[in-house]
Structures are given as structure tokens and as C-alpha cells.
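After this come two complexes, each holding chain A, first together with chain B and then together with chain C.
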Partner chain A sequence: MKSLVRQILFSLTTFVALAIISFLGIDALPGDGCTALLGRFGSDANIEACRQKNNLNDPVVVRLRDWSSDLLRGDLGYSIKRDEEVARIIAPRIRNTAVMGFVAALMAFPSAIIVGLLLGRYPHTFISKVVNQFSVIAMTLPEFVTATVLWLVLSLWIPVFPGVSVMPSNASLLQLLPNVWLPALTLAVVIFAHSMRTMRTSVANVLNMPFVQSARLRGTSERAMIMRHIVPAALPPVVNVVALDGAWLLTGTFVTEAVFNYQGVGRLAVDAISDRDTALILPIILFGLAVYLASSLLADSLVRVLDPRLRSSDR
Partner chain B sequence: MVKLQKASCSLFALTLFAFSLASCGRTSSTEGVLRVGNDAGFGGAETMDPYDGNRTWPTINMVFDRLIGVDEGFAPIPELALSWSSNVDLTEWTIQLRTGVKFHDGSEFDSEDVVYSIKRMIDPEFDSPIRAVLGVISSVRAVSKYEVLLTLATGEADLPLLLADYRALMTPVDSQSTIGKEPVGTGPFKMEVFDPAGTTVLLANEEYFFGRPQLDKIEVITFADSQSAAQALAGDQVDLLLAIDGKSSSMFGDKTKFTLQSIPSGDWNAIDFRVDREPFGDARVRKALRIAADRQVIADTVLGVGGGVVTCDTPVWSADPYRWDGDCPKDTEGAKKLLAEAGHPNGIEIEIYTSDVEVHMVELVTAYKDQVKDAGIRVTIRMADASGFWDDVWMKESAFVDSWGQRPATQVLNEVYRSTATWNPTGQADTELDKMLDGARATKNQAERAKKYARIQEWLFENSAIFVPYHKTLTRAMSAKVKGIEPIVIDAVRWEKISVS
Partner chain C sequence: MKALQSLNFLKDRVLILVVLGFHSLVALLAPYLQLPATDSQDSAALLQGPSRSHWLGTDFLGRDVFSRLLHGGRPSLVIAFSATAIACAIGVFIGSLAALAGGWIDDALSRVVDLMLALPTLILLLLIASFFGQDPLVLSVALGLMYAAPIARVARSATQTLLARDFVRVARLQGGSRISILFGEVLPNVWRLMFTEVAMQFTWILLAFSSLSFLGLGASPPTPEWGLMVAESRSYMTLNPLLVLAPIVMLASLVLAIQALVDHE
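Let's look at the complex of A and B:
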């Protein structure tokens, strides 16, 4: 318990430190929200008036203080470029990415664990080796290649799924769902390969451990051995990979979103960076930080539950 | 076993549900509906205010009309104006308006709307991008309900062409606060849903003064990048892409399904040399820098074969009636000689700044560097950060890559080359050129004016500090079901004449 509290405190400190570094880093870049809004031909007078209006001429420390206090009150800020509250822009995009990530996770994680278990249980079979090689290919192929192949096969040659998404960012869930399958499948291919390979290796390692051999000598049935001994022991490394992949599903999907024109937070981040929309970039960075820290915390907690050795060392 | 059967049944039902949802999302072309794919040009910050820097194109041209349009040959033709005339010295223009035209809200279009619109366009405080085009207008007043008088700061024979700019659209009086999101125009289509980051829906204006549009509806669908837009056209999710990446053309080779059109455009790239920095102050060095390169090779390398029209340092594009088509082959020996005469017998070393802030800007300087090395011009390429390029590099470093959009001759020459122009990127201030520009724009006779503009462009080839190797050619792609779009510049396309069969 103490360890968990310590880790939460560490995560919060990391979050605050990285948030400040992000603010200062973005502030140091050339240009600002006003130059982004008024563009190449904006007159000096208009850019100056815009900066005055939006307090961009204040010292960086003052702006950091104002931004932090707004953030603590739940105010994510205002996008000068888009003339809208940042929260109203980001919320539907996060929802869209979360839906896509959830569908991808449903497609990939359960099947990856089951397939990884079966292949790990029989690691020297021909099928195990072939599937393992294919998973290496799936992992190393750039996402846009996987996405393009899936688009060609499942949209152009066999027209099952819509090729690209043509929905507004705030579309209802029902409008959203038909557009989710191809991007989710692309992401699922990548994370399936990661998780499946980790599970396969972990199971193969556990099989050689003395307690498994001992259980086998005691005459434990195959099913009981798998469920009671092999799976619990093999899962901790997989939980960490699943947590990392889960965080990636929420924060690292901009290539897939761009290929399928999916209105998620990754695409928004790329747009915001190319527009120099600093008010929008920062909350997206914070979202990514929060997701990674939370998933790491969750994974560590789960591993503690699964691994009795860690629980005992906590005391 | 029963459990397994149940699970299989559930899985089968779930799969069926997923596939039925997926097929709901597949759309295909419908008669009377045109689906136009559009770039996310301003990342969702778009507005329907045609005078705002973030105006969304081409949607504004579906909702609003100009006073004057252009025909296929880029000559001015009536739109909301019926006729126009000027005084002898071209400083006062009287415009007769079309009568009986209604805005989409039922109110009547008249001279007060024109006065309101033009005042907003030239308002120095608002500082609209269209002010760079129509800033020559010093005042506007309504003579009668259907007649307007424009007074210019200087004589301008081509005012009708300037008024044909795609942003010089007429908006109703006092619409500034609402027009960005709830536009009311006189155009062929009315706004139904404005969603610049998603799908914007427009319905036919039944009372359009040029006749009811052939289409019932237009959907303008926004795409993050050109590749996903091309995928959408290939998969029958959109019907029309106004410009595609030339490399995507091969996806649309099936002529039974797709139509491809190549349209010369007025977009150009350039390398600018500041005349207030050495060695670019010397006209001989500037000319050497411009004649040392093979422009055709540069155009083919940067834009792909057929992707551009070679240009001899004139910003006037190939379809403009004032275009001068000079001959400017690569002349390595001539360049060496000029450099030697200027005191650089062993050649020169220069730095050119570029950035990926816009497409083709890095490729241009890379191709240029390779082309000019034989003449002893040794180029070092400096990459600048995209976010600060226009603020910190453009017009400030001694040499840099540039990019401009299409403009009529009188506008682009005065905006880029006049000594007093705000956006003159090289600092070249030549009173001889200014006099030539004044003379051309104040010449009423069109043929005479064309000769004067040709002389200006020849002068640029001899003296300019801007290397302009090409104008870009756009590739337009559409479904074969789309009719009524000729291979002409988009400014001349009549949206009400397009149909989907």
C-alpha cells in the first residue's frame, strides 16, 4: 500500500514537472497563436493587437501561472485560431479515439492472450513458428502500409467497410461505429502481434519453471495446470505490454487517423502543431502524459495483484 | 457443448451486427448530389466570411457571388453586375447592378450591399487578405439602388479582373457578426449545415438568378490529407477532388470510372535574393543565378513530368492575357561570364533558406543547387523551422524559397515587385519599374496594355532578384458521373451547371 501511494505521488510530480517543461518548450518555439491566426500576411499592428487582447505579451512566468490556475479550475483554455473553447474541441476527439482504441483492444488483446498461450504451450510446432514470424512482420510494418493493405482488400476489392471516414467530429456513436472498423483493425494488427509474442514467450518460460514441473509430477490435470499455474505466472509481463499498448491506442494513432480521415485526437494534435495552436497543443500533451502515467500505475497495481512475491515485498 | 453453441451464436450475431453497421457507413454516388472532397486547410478554424484569412474555399463560391466573374479565357463577364464603365483616366468606375436578385433569406440585393461589402474588403483595420487585391479602391458609394461608383487611388484598367477575385464576394448589409457561421448569400447554393472539420451540406437555391442549379445538394467533405481524399474518390465516397497529388493520378486511370483534368494554375514557387545583401546587389550576379538553371528539369524534378509550366521569371501565369512567354534556356557559360564580370571568376558560395512549411519548397532548392553547380554557384541549403519561416526567414535572410498563389498580372506585379509594396520580398526598389507599372495599369486600350505588361516581364527577366522557374499545373479528379466541369480554372467553373448522373 505504501508503495502504491509512493508511486501515485511520483506520478503526480512527474505530471506537473512535464507539464511545466511542455509549456516552456512550446513557448520557446517561434511564432504564437496570433501569428498562426493572422498568417503570413498579417500586419504587425494586427498581430500586436491580437497579442494584447490575448495577454500574450505578459512575461512567461505570469502566463504559466495563469494557465496553471485555469487548469486547476478545469478550464483548458481558449483556441485563438479556432475561436472556440479547447474543451469543446478536444472532448469529442478524445471520445472518438477512445471508441476506436476500445474496439481495437477488444479485437486484439483477448485473442492475443489465447493465441499466445496456445503457441507458448507448444512453442516448437510448425504453426507456432509460422505465426511467430508473421507477428514479427505485423509489428515491423509501418502502420500506413498495414492501413493501405487493409483498405485495398476490405474496402476496394471486397467492399465491406467504408474506405475513409466522412463523419463530423461530434457525430453520434451510431454514426461513428461504421467508420471505426478499418482503423481499429489496423491498430489491432499491431498490438495483437506485440501482446501475442509477449504471452507466447512468457508461457514458454513458465513451462520450464520448477513449480510447473512439480505440479506435473503431482499429476495435476493439463487444464488445471494452465489455469492455476501457467496463466497467472505468465501474465505479469503481458500486463505491462497491454498497458503500454493501451496507452498507445489513445495517444499514438495519428498515422492511422490520417490515413482513414478519422476525427480523433491524434489527427487534432497534428493539425494543432502545424497551426501553431499552442492553446490546443498543451492540453493534448497533458492528456497523453496522463494516459501513460495512469496506465503505468494501473499495470503496476495489476502486477502486484497477480504476483504474490511483489505483494509480500510491499509489507 | 451447449455453452459453446451459445457463444458461437452470440459471436455470429455480433459479427452480423458489425458488418451491417459497416455497410451502413458505405456511401455511394446519388443522382443530384455532389460530394466534394476538400482539404482541411485551416484545421477546423475555417469561416464562411469570404474576407477573413481563414475563409473556406470553394464553399464560399457556392454560397456567394461576385460582381464580375471570368470566362474560360479569363476575361471578365457579368455576375451580380450587369455592366461597368470608367472615366478616361480609369480612376472612377461605375457599376450597374442586376435587378431582382434575392439573398437566401429573401431580402433584395442592391447597391447598399455592394457598398457594405467593399468597405469591409478595404477596411485597413480589418486588414482582409482581399485588401491586397482591391486596396486600389479608395472609396465606394451608392449612386442609386442599382448603381455604384468606385473611386480609385490610381488609374487601374484591370479593375474588373481584380473584382473577379474568388474572395470579392457580395454579402448583405450588417452581416459581419453572423456571416462566418450562418452565411447568407445570393449564390447557387444555400447553407444547410456548416461543419468545416466534417461535412458541410448545401442545398440548391431554387431562385438563383442564373437558373435553378442542376444539383439538389452539395456535400463538402473535409479530409486530413490528400491521400485519404484520394482513397475516398477511389472508394466512391466522394465524387470530386479539385486538386490531387500528381502521384495519386495512377489510382484513377480507369476512364470508365474517373475523369482526370490537368489545369495550368497561377501558383508558383521562387527563390528570392535580397538586393541589400552581397553579392545580390549586382544585377549581373542576379541574372547569372537565374540563367544557370534548366527550368524544365527543375519543374519535372519538383512537380513531376507535366506538373508545371516553365516560366522565365515572370509571376504572370500561362492563362493570363498579359503573360509574356520568353525563352530562357540554361546558359552555364553565360552565367560564368556574368559572374566573372561581377568580380567572381571562381564562382560564388551562397546560402538559401527553405522549409517544409509548404509543399515543393525543399525540393525546389535541392533541384536548384544541383542545376547551378556547373556555373560555379555553390549552394548551401539551410533548413528553417516551419513554424517560424514566414516570420523569421521570409524577407529577412539573404536568400530564401518563396511560394505564391494565383493572382492577375496587375495585382501580382504590384504586390510583389513595386518598390513600395509591403510584401516586396527582395527589397528591390526600382523607380523605372514603378513607372512602367503605373503606365501599364493606366492604359485603357487592352492591346497597348498587353504590350506594356510584356515589356515589364522582359525587364524582370533581365533585372529581377526573384528566380521563378515554373507555374504549377493542378490535377483535378472526379467520378465519370460528374458532368459540367470543363478543364478550366476553378474561378470560371459555374457550380450551378454541374450535375451527377
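Let's look at the complex of A and C:
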């Protein structure tokens, strides 16, 4: 319990430190919301008026204070460029990315754990070797390659899924669904190999442990071996990988969303960056940080639940 | 048994070296091969299939795909090499300093490295490329800074391994200062322990730059670069799939060969 509290405190301080650094870093970039809105052609007087109106002329310390007190009250700020509350822009995008990530997680994680278990249990079969080769390739290739190849094969050559999605960012779930499959499959291919390989290695390690051999000598059935002894002992390392990849599904989908024109947070981030809409970029970065820190916290707590040795050493 | 062996192509040393040799030769010699210019457009021959004058056909501006393909690795390789050099210089220095100094310096440096590892790499790269321009120098420095953190981490543990070795202990007992041990004993030897990590980071940097180009913020047109070529040709995939498949095969073979090579060590 004590170490969990310490870890939560550490995550919080990390978040605060990185939030302040991000604010200052983005503030230091040339340009602000007003130049983003009025562009290169806005007259100095217009830009100045816009800055006055939005309090952009305040000293940086004052703005940092205002921004953080707004943030604590749940106000993410206001995009001058898009003339809208940031929360209203981001919320539907986060939902879209979450739906896609959820589908990808369903595609990748259960199958990865089963395949990893089989490969770890039967490492020397022909199929194990083939799957291993392809998992290395899938893990290495960048998303834009995986996405483009899947699109070419599953949308153009064998038209199973629609390729580029045409949808508003606040589409209903039913409108969203047909567009989810290909990007979700891309993400699933990228992350499948991580958890599968971790599971495989972990199972192989567990199989060499004395308690497994003693269970085997006691005449435990193969099924009971796998379900009662191997899987529970092999899971903890996989949980960490699943948590990291789960966080990536919410925060690392820029390229995949760009390929399929999927209206998620990643797409929004790329758009906001090319528009130089700094008011929008900052909350997206903070969202990414929060997801990353929360997922590693979650993984550590889960591992602690799954691994009794860690529970006892905790006291 | 033979079929099984040949399927294991990622463990085939000869194949790996042939692929790497091919890529090095192409990257070095592409400008001297008497190929059509990478930016010469032929409006009478847009999006053509393979022919004798254009071995892999032409793209949407009538440019020779084969020539662009052979030139297309050079921008990424130049950036990946310089960024890796920067990342190593910073990462190894920080990592070995942390391990050597120990105490609060180690704690502080390790915290900084943890913070850097938590940063979203791609979004920061996009920001930098968007606000400071797609200058190769800027991008190399940015990539180098960002990928210094994982290298620092490995350098720290590699240095700790070295510090336990006899020759470093002898240097310490002889009264060498920490700085002289850093430059005299640690830095010359830490490389051998880090070769694999550095090569892996090199491929990640290469892929990050290609992804950046794909998103339109890495190499700028008309530079031939594989990621950019895929992005530019995606709309014409149905007309000539080679336009996207050829750069994909080049990028994939290069990265897989490097990773397969170091995985062996």
C-alpha cells in the first residue's frame, strides 16, 4: 500500500512537471492563437487587438497561473483559431479514438495471449517458427506501411472494408463502426506481436521452473497444468506490455488515423499542429501524458494483485 | 528440413549481409548511376507501368520511380546517422556520468531520463518540424535529443557493469579521478556493450523520420524519400501498386536486415 501511494505521488509530480514544461515550451514557440487565426496577413493592429481581447499580452507567469487554475476547475481552454471550447472539440475525438482502440484491443490482446501460450508451450513446431518470423516483421514495420498494405489488400484488391473513412468527427456509433475496422486492424497488427512475444517468453520461463516440474511429477493433467499453473504465473510480464500498448492505442495513433482519415485525437493533433493552434495542442499533449502515467500505474497495481510475492514484500 | 531452414530468413546471415550490402551500395552510388533525374517530370508519361525507359514506371508527375527509389533512402539515412550520433553523444555522456557519480547526481539524471521517456516523441517531432521548418539539421538535432533518453538508460547500466570490472577498479585504486576514469576507462569500452541498443535506436530513428515524411513534415517535396513517396502515391495505388509497394519493400528490407543482424550478436 505504501509503495502504491508513493507511486501515485510520483506520477502526479511527473504530470505536473511535464505539464508546466509543455506549457512553457509551447509558449516559447513562435506564434500564438492570434497569429494562427489571422495568419501572416493579419495587420499588426488586428493581431494586437486580438491578443488584448484574449489576455495573451499578460506576462507568462500570470498566464501559467490562469491556465492551471482553469485546468483544475476542468476548463481546458478555448481555441481562438477554431472559435470553440477545447473540451467540445476534443471530447468526440477522444471517443472516436477510444472506440477504435477498444476494437483493436479486442482483436489483439486475447489472441496474442492464446498464441503466445501455444508458441511458448510448443516452441519447436513449424507453425511456431512461421508465426515468429511474421511477428518480428509486424513489430518492426512502421504503421504507415502496415496501414497502406492492409488498405491495398483488404480494401482495393479484396474489397472487404471501406478504405478512407468519410465521417464527421461527431458521427454516431453506427456511422463510426464501418470505418473502424481497417484502422483498428492496423493497430492490432502493430501491437499483437509485443504481447504475444512477451507471453511466449514468459511461458517458456515458467515451464522451466521447479514448481511446474513438481506439478507434472504429481501427475497433474495437461489442462490443469496450463490453466492453474502456467497461465497465472506467466501473465504478470504480459500485463505491463498490455498496459503500455493500451496507452499507445489512445495516444499513438497519429499515423494510422492520418492514413484512413479517421477523426480521432491523433488526426486532430496533426491538424492542430499544422494549423499551429497552440491552445489545442497543449491539452492533447496533457491527455497523452495522463493516459501514459495512468496506464503504468494501473499495470503496476495489477501486477501486484496477480503476483502474491509482490503483495507480501509490500508490507 | 531444407524448406524449414530456408523459411527462417531472418536468421540467414548471408541473406542479411547481402541485403545490407545492396542498401549500402545503392545509398552510396545512386547519384553516379546515370539514372534519370529524380525531379525531371514527363507530363506525357504520367503513372505508367514498368517499361524499358522507366523500369518501375512513373509516378503522378511523370517522374522515374526506379531512380527515385534508389535515391529514396539517402535523406533518411543521413538524418538517422547524424541523429544517432547526437543521441549517442548525449546519452552516453549522461548515462555514464550518472553511473560514475552515483548519489544524488545519479538520482537527478535518472529522473530527467524518466521524464524524457514519458514525453510523446512523435507529437513533439511534429511540433518542431511544423514550427521550426523541415530543415534536416533541425530534425537531426530534435531526433537526437529525443532518442538520447533510451541510450542514456542503457549507457548507465553498461557503465555500472564496467565499474565492477577489475581494470576500472585498478584505475580507481591508482587514484584516478572520476573524470579521468570516465574518459580513460569507461567511454572507450562502453561502446561494445551498447552496440545492439544503438543499432536498434538507429532503426527507430530511421522509421520515425520516414513516418514524419509520410505525414508531410519530414523530407519536403520534391526530395525522393520512401515515406514521402508512399504518401504521395497512395491515391494512385489502384493504377500502379508498385508506386507504394516498391518504397515499402526498400524501407522494410533495410530495417529488418539491420535488426536481424544485431539480434544475432
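Brief remarks on what is shown
Convention: the second predicted complex is superposed on the first by the 315 of 315 C-alpha atoms of A that agree within 3 Å, B and C clash if a C-alpha of one lies under 4 Å from a C-alpha of the other, contacts with A are read in each partner's own complex, and residues count from 1 in each chain.
Keep in mind that, in the parts below, contacts are C-beta pairs under 8 Å (C-beta built on N, C-alpha and C of every residue); 3 or more make two chains touch, one makes a residue touch a chain.
Keep in mind that this is a model prediction, so the values were computed, not measured.
In the superposed model, A:Ile127 lies in contact with neither chain B nor chain C.
Contact with both chain B and chain C is seen for A:Ala258 once the two complexes are overlaid on the shared chain. Once the two complexes are overlaid on the shared chain, A:Glu143 sits against chain C while remaining clear of chain B. In the superposition on chain A, A:Leu9 makes contact with neither chain B nor chain C. When the two structures are aligned on the shared chain, A:Pro162 is found in touch with chain B, with no touch to chain C. Within the superposed three-chain model, A:Ile281 lies in touch with chain C and out of touch with chain B [touch as defined at top].
When the two complexes are overlaid on their common chain A, residue A:Gly31 makes contact with chain B and with chain C alike.
Residues common to the contacts of chain A with chain B and with chain C across the two structures: 29-31, 151, 156, 258-259, 270, 274, 276. Interface residues of chain C facing chain A in the complex, by the touch rule stated above, are 4, 7-10, 114-115, 118-120, 122-123, 126-127, 130-131, 203, 207, 210-211, 214-217, 227, 230-231, 234, 237-238, 241, 244-245, 248, 251-252, 255-256, 259-260. Against chain B, in their complex, chain A makes its touches with residues 29-31, 35, 37-43, 45-46, 79, 81-83, 89, 151, 155-156, 159-164, 166-171, 177-179, 181, 257-261, 263, 267, 270-272, 274-277.
Within the complex formed with chain A, the chain B residues making contact are 18-19, 21-27, 35, 40, 42-45, 53-54, 127, 129, 132, 195, 197-199, 221, 223-225, 227-229, 231-232, 234-235, 237-238, 385-388, 390-392, 394, 422-423. Residues of chain A that touch chain C in their complex: 14, 17-18, 26, 29-31, 126, 129-130, 133, 136-137, 140-145, 148-149, 151-152, 156, 251-252, 254-255, 258-259, 269-270, 273-274, 276, 281, 284-285, 288-289, 292-293.
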